[in-house]
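Here's a structure for you.
Letters A, B, C and D mark the chains in the order given here, with residues in each chain numbered from 1 onward.
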Amino acid sequence: MSQFFTVSVLVATLATAIKFAVPYLLAALGETIGQRSGVLNLGVDGIMLLGAFGGYYTVIQTGSHLQGILVGLGIGLAIGIVYAYVTVFLHAQQGISGIGIFLFGLGFSDLLFQELVGTPKPIRPLPTLDKLPGVGGIFEPLVDIDIVGPLLFDHNLMTYMAFLLVPATTWLLMKTTFGMNVRAVGENPQAADSLGVSVAKTRLIAILIGSSLAGIAGATLSLQLAIFQHNLTNGIGFIAVALVYFGAWRPRWVMAGALLYGLVTATRIRWQSLDIIPQGASDIAAMAPAIITILALVLLASRVRGPAALTRPFSRH
Amino acid sequence: MKAKRMLKLFAVLFAMTLTAAACGSGDSTSTTTSECGSDLAVAAGESVTDLSVALVAPSAKDDVAFTQSMVDSLTRLGIEPQITDGTFVVEEAAAAIRGYAEDGIDIIVAHGTQYGGSLAEIAPDFPETSFIWGTSADNQGIANVFAYYPEADQGGYVNGLIAASIAGADGIGVVGPVEAGDAVAYIEGFTLGAEAGGSSTSIVYTGSFSDVALATTTAEAHAANGVAVLTGTSQSAVGAVNVATANDLPWFGTQSNTEAWSSDLTVASQVYHWDVVLADMIEKIEGGTLGGEAMALTLENGGLVMEFNGCYDLDSSVKSDAEAAIEDIIAGEIATK
Amino acid sequence: MKRLTGGIVPLGAALVAFLFGAIMILTLGASPVEGLGAMIDGAFGTGDRVAATAVRATPLLLVGAGITIAFRASVINIGGEGQIIAGALLSTALALAIPDTPKVLLIPLVILAGIVGGGLWGAIPGVLKAYASVNEILSTIMLNIVAIQLMNYLLRGPMIDPVEVGTSRIPQTERLTDNAAFPTLIEGTRLHLGVPMAVLAAIIVYVILFRTPLGFRLRAVGHNPDAARAAGISVERNIVSALSMSGALCGLAGVVLVFGSESLRLVTDGGSAGFTGSAGFNGIVAALFGGLHPLWTIPSSFLFGSLLTGATELQRELQIPNALAIALNGLIVLFVVSSDKVRNWLDLRLDRSMSTPRSETAEAAVPLETDDLEEALEETT
Amino acid sequence: MEHAPLLTMRNITKTFPGVLANDDVSFDVHAGEVHTLLGENGAGKSTLMKILFGLYQPDSGEIRLRGEVASITSPTSAIEQRVGMVHQHFMLVPTLTVAENVALGLPSNRGFRTDLDAVSERIVEISEQYGLSVDPSIEIWKLSVGERQRVEIIKALYRDAELLVLDEPTAVLTPQEVDDLFVILRQMTANGTGIIFISHKLHEVLELSDRITVLRNGKVTGDTTPSETNRQQLAEMMVGREVKLAPDKPHVDLGLARLQLRDVSVKGDRGTIAVDGVSLDVHAGEIVGIAGVSGNGQRELAETIAGLRPAESGSSVTIDDADLTKAGPARTRAAGLAYVPEERMKDGAVGEFEVSENLLLINHGDPKFRRGPLFDFAKIREHCQRLVDQFSVKTPSLDTPTSSLSGGNIQKLIMARELDSRPSVILAAQPTRGVDIGAAEYIHSELIEQRNVGVAILMISEDLDEVLGLADRIAVMFEGRIVTVIDREAATREALGLAMAGG
């Protein structure tokens, strides 16, 4: 146990947790915006898988990470349009439509992968700051700073983007007209409608932002891991949805949830690598993040209330 | 352009195969060293049989791991099987196996331990068909079933021994999937080898064969702990290989050759050459014996081959120590379990 | 008349989805006609294949029936995978503990164990939702992860086949006693006891939901928990019941997968899908396709069962990855849920055309007061 | 030449499947006047106003604003054409602040970003001008009902509404608050605003209106002014027949106290005390009416008596001497309580259920409806048919989804179910709210009948006429306390109004 509580190990564990949390955070922030507008999307995992494949395949073809991320965004956007059409305009049950999106993404990403790529071949991973082409040299000394270096500077750009999106999402929701509309539409769509706020349009945009972020989250995952495989996400998208509930629809708490999940995972891996958790208990240790998330929610849940119109389709008549 | 390259490659590989066949003089070799920069595609050998063959396997046919090793092995035997891959759901695999049997395929390779139960039901219904099943050390006593399994601990030991010489006191990080199957055998053999070489291993089982993100995180944890070498197994190991590349750590592979993943950081891979036992089995099948025994892949019979990466500058004394160890394992002087 | 549209619209939606499938097959360079032929051949080509299709449909039907109970009580159960595993683990453990018990006794016992295992695993999110307000979507997802790891632990540890310990270390139990194997119903096919059992279970679910006080309470809580509570119905208890019963049926699916499978053993590949075949998710699809009606879930499960067996043949014959079938499943779900609105519209039309000729009863018809109608419609949407 | 009216709606007809909601309705409003739309629920007032607000399109007819033909296609276009509406169910987002609610749907000065400071400033200006004091930065859920209504009016004023529709605005207000509201409305008309006032409270209508249009069954049945008419005449125009405004009530000797409340304190949804030390007895053979303005703890008190809301320690609720303080709804009902909840579609009936299922909601577990473990549908049908006949619930069949019945019939269905349980105590909250006059008369007579046979009835109502007409004793609730209990004979509308305002 003592070997865990050294500064370098603690810092490294924390740094791992931060990196690990990134795809969860991106997807969960998107889902937060969607749910704030009253739309639950259980298909996040499917969108992530398609985004992950799209990003990966783009990097194979062009070598450009930026294009990979953009393709992930584009795929998210495209699926978002379908999802919005189905749930907002056709009033389909949201939970189930999401499962449909998930299954489609799971199958279709695998199909594309098998047809277009076949063997999982590694790509160049997203570079950390110090390895950025051109400007990397500026950051090199920063990465070497004790504690602060590995925690703050040894990350790729998507990590910073994910964490910057936390205040940005809060700002969007709380300080902009669009965000106000989103909150109104998620809480009392009739009222918003009576003042000329288009419920459908607001939800459409919220869904599109959410699914784009899910696509980006997927692309980030595959570019960060520098690989794609069948079911690469392993349920990250579902956990991201869970984190929105965990975070009580507030970006900051969603971030806390993603970090907690990442930290528990990173810690259990670290403890196993340091033999703090005996080898024979590996599967028991693997349950820890799930169980801790549930326990945390048991303590928090009764105090929060979700958007009143969540999962309720809106129609005027 | 592409065709030209392929042709060149083919020539090189053909030459290599010839050389290998010549030195082997019938016996298989237990080590090879690739030429640096060569493509790893397996060349089709001369067909050993006219019988029809089908393959049912749980992961993708080009997974650079378990299933690909079988496809490559069949290719070496000049066999182009009908393939149903990605059938990790047993019921689906069973349907496929039965379908091939009904179609009158002569030899059906059921490349997944989990298919054993289904096979026990299907095989007796098709006594004229031969079923080749692995990995298992036991053919369930069925007359038309052959079983095969790798003694993965043997190559694991050799990998461990070499790894220890590189890692020394810094230790070796091992990224395991689920604590089961040939993963455990490999890792335990590896650990013994590493200890024999004066180093130590730190082992983390992620709890999943497929979670690349966890395998990556695990490898990063190892790297941050200061290990000097990494190894790992299962299809999720690709994440760990990437970490090895990013951190410039030597990597040891198993099942298939991982050089394609790791540029020049793969030191050696224990590669499953199922073709050695398959060739035996097919010979027997052509002779009328459709099953009835289990065969192991070992270093001795050439089913396990240590493939050294020509691009990695391995100290020649270490390599000769490894080769000596292989001899000792074959001779039974070193215990790998 | 409603029954009719209940069937037609999802079928139409499925056809549209299949059209997409055909386009995908075409893009993959194969002939959709051959593809369809291969699928039909794979699912229904021989008597044995029909039986195999029925066997594939069985877990879907059980999970689907279970999901129907939960959804009718407005509880979203995404924990099918975990509940299947829980049922399978408990029943397997029992079969391992008392292998020599005679068949007539052991089969009911393992079935019971599966029901209990799945039921308990379902009760956990039920209790968490009812008494700690923990969202069930979240807890069931998390409990799936826990169940998988529990299975991995048990199958490589306490429950591992002793033969495997020294040899290949495959995380599987030993072959279970034949006393617990589900008997085959038609010699030479794989049609086993689990198939009629699942059909019976769906019928029982129907009876419970629509013909007993328990089902009445579950539906009341599902439609309007406030009114149910005010009428003296315990919302909490019924949420727990709904998830427990839902879990119990999933657990039963786990039993069928273990004791109805040819391998007659529990084996893990580290995830859940290898064992469950994703029945925990696909069962939701089947239930939905059946309009959340237990009886309609029977044909709908068989349809999806044939899709799965057909997809295997599709891959074998035309080398089209079975990932296509999963993608197709997703599309079908999307089309079917979207068609709900279409179905409502159709129902409304048909109802009106039905009610127009009944002019002699117009006296009894309520003069609908528009404001209330609007209010009521708003309430229901 | 006379100015064109602010609004002219001419020959408006609107049908819904099977229903003629507006039948050739014509209606106009001049600047600076209050024009009342009077009619029962379902007479077509709401439909007409929804057409005006762009939520529905008429099948035929035309709308003119300021003399010009207007096309109102959506709420936005209504707002742009300076039509404002205060809905009966407030259209406010509870989690947003006052300023945000006001700003919703309007472009911001700062483009993409909200400019709530500027909005707040303007809100303060408006509230000072009309005496509508409210804090712009406070969230709606923290406001009282009266304050929320002010926000609604501010919303309309902020949008420079020249024509303001107020749908049943006084339903939730104390008489004093109503007076305040009328002052505000008069100030608005003095500034040239035209107001459409929708109400069925006849004395308010007579007090406030300049003109009155009466609707019945979608048609205009009367067009008059307060000076030309009186309450009785208006009521008859609304209902289409002679109306008995007060039911007959024979004398009944008081029995024992069947429902006893002692020091009942209850927390509301926000965790603050909503009911504060209420003690009250209801005897066999009497109707006790609880009067008060909505939001003074009546709902929480009712929920506590019904076992739906836990009471604070020290409280005691008993029925026929059985302590039910912590009993929960099932045991409370078993002890003899019948409960007619305030919100019938939320708490009283399951909309998706068939009529027969709702009739069975409280006693579906009764063994007499079962054969073995299964329902005996023959017996159930027989039972339900009897109830439907006995309480004259108008429904096409027993299998009809309940939500498609009218409000009055759903209420009769609930009454049938509850009274059939042979209760010793009836708790009826707002028993006739939103119910047509015919059904209301019927429900009142049923309650009196139950009183006559020795049932103790506690009736909570915000409708003073109802309380005065039905109750034997009247308790007034204000801020969670019972401030006074008066015998019917001693009660006057004025005294009650004063008590309801806490005076």
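Basically, a contact is a pair of C-beta atoms (placed from the backbone, for glycine too) under 8 Å apart; a residue touches a chain by one contact, two chains touch by 3 or more.
This structure is a prediction, so every number in the text was calculated from the model and none was measured.
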Greatest Cα-centre separation from chain D belongs to chain B
If you tally contacting C-beta pairs, which comes out ahead, A-D or A-B? Let me know.
-> A-B
Between chain A and chain B, what is the separation of their C-alpha centroids in Å?
-> 36
Measure off the straight-line distance from the CA centroid of chain A to the CA centroid of chain D, and report it in whole Å.
-> 45
Indicate the whole-number Å distance between the mean C-alpha point of chain B and the mean C-alpha point of chain D.
-> 76
Inter-chain centre distance, chain A versus chain C - centres from mean C-alpha coordinates, in Å = 29
In chain A, what residues contact two or more other chains?
-> 110, 114, 190, 230, 280, 283, 286
Among the residues of chain B, pick out those that touch two or more other chains and give their numbers.
-> 86, 178-179, 207-208, 210
Which chains touch which?
-> A-B, A-C, A-D, B-C, C-D
In the complex, chain B touches chain A at residues 59-64, 68, 86, 173, 176, 178-179, 202-208, 210-214, 216-218, 220-222, 224-225, 235-236, 238-239, 241-242, 245-246, 260-262
Sites on chain D touched by chain A in the complex = 53, 55, 74-76, 79, 85, 87, 90-96, 100-101, 103-108, 112-114, 155
Can you list the chain B residues touching chain C in their complex?
-> 58, 82-84, 86-92, 94-96, 98-100, 102, 113-118, 120-122, 135-138, 149, 177-182, 184-185, 207-210
Report the residues of chain A in contact with chain C in the complex, numbered from low to high.
-> 42, 46, 82, 86, 90-93, 95-97, 99-108, 110-111, 114-115, 190, 230, 235, 238-239, 241-242, 245-246, 280, 283-284, 286-287, 289-291, 293-294, 297-298, 301-302, 312-315, 317
Residues of chain D that touch chain C when the two form their complex | 16-19, 21, 41-42, 44-47, 218, 306, 308, 328-330, 332-334, 339, 341, 345-353, 357, 360-362, 364-365, 370, 373-375, 394-396, 403-409, 434, 436
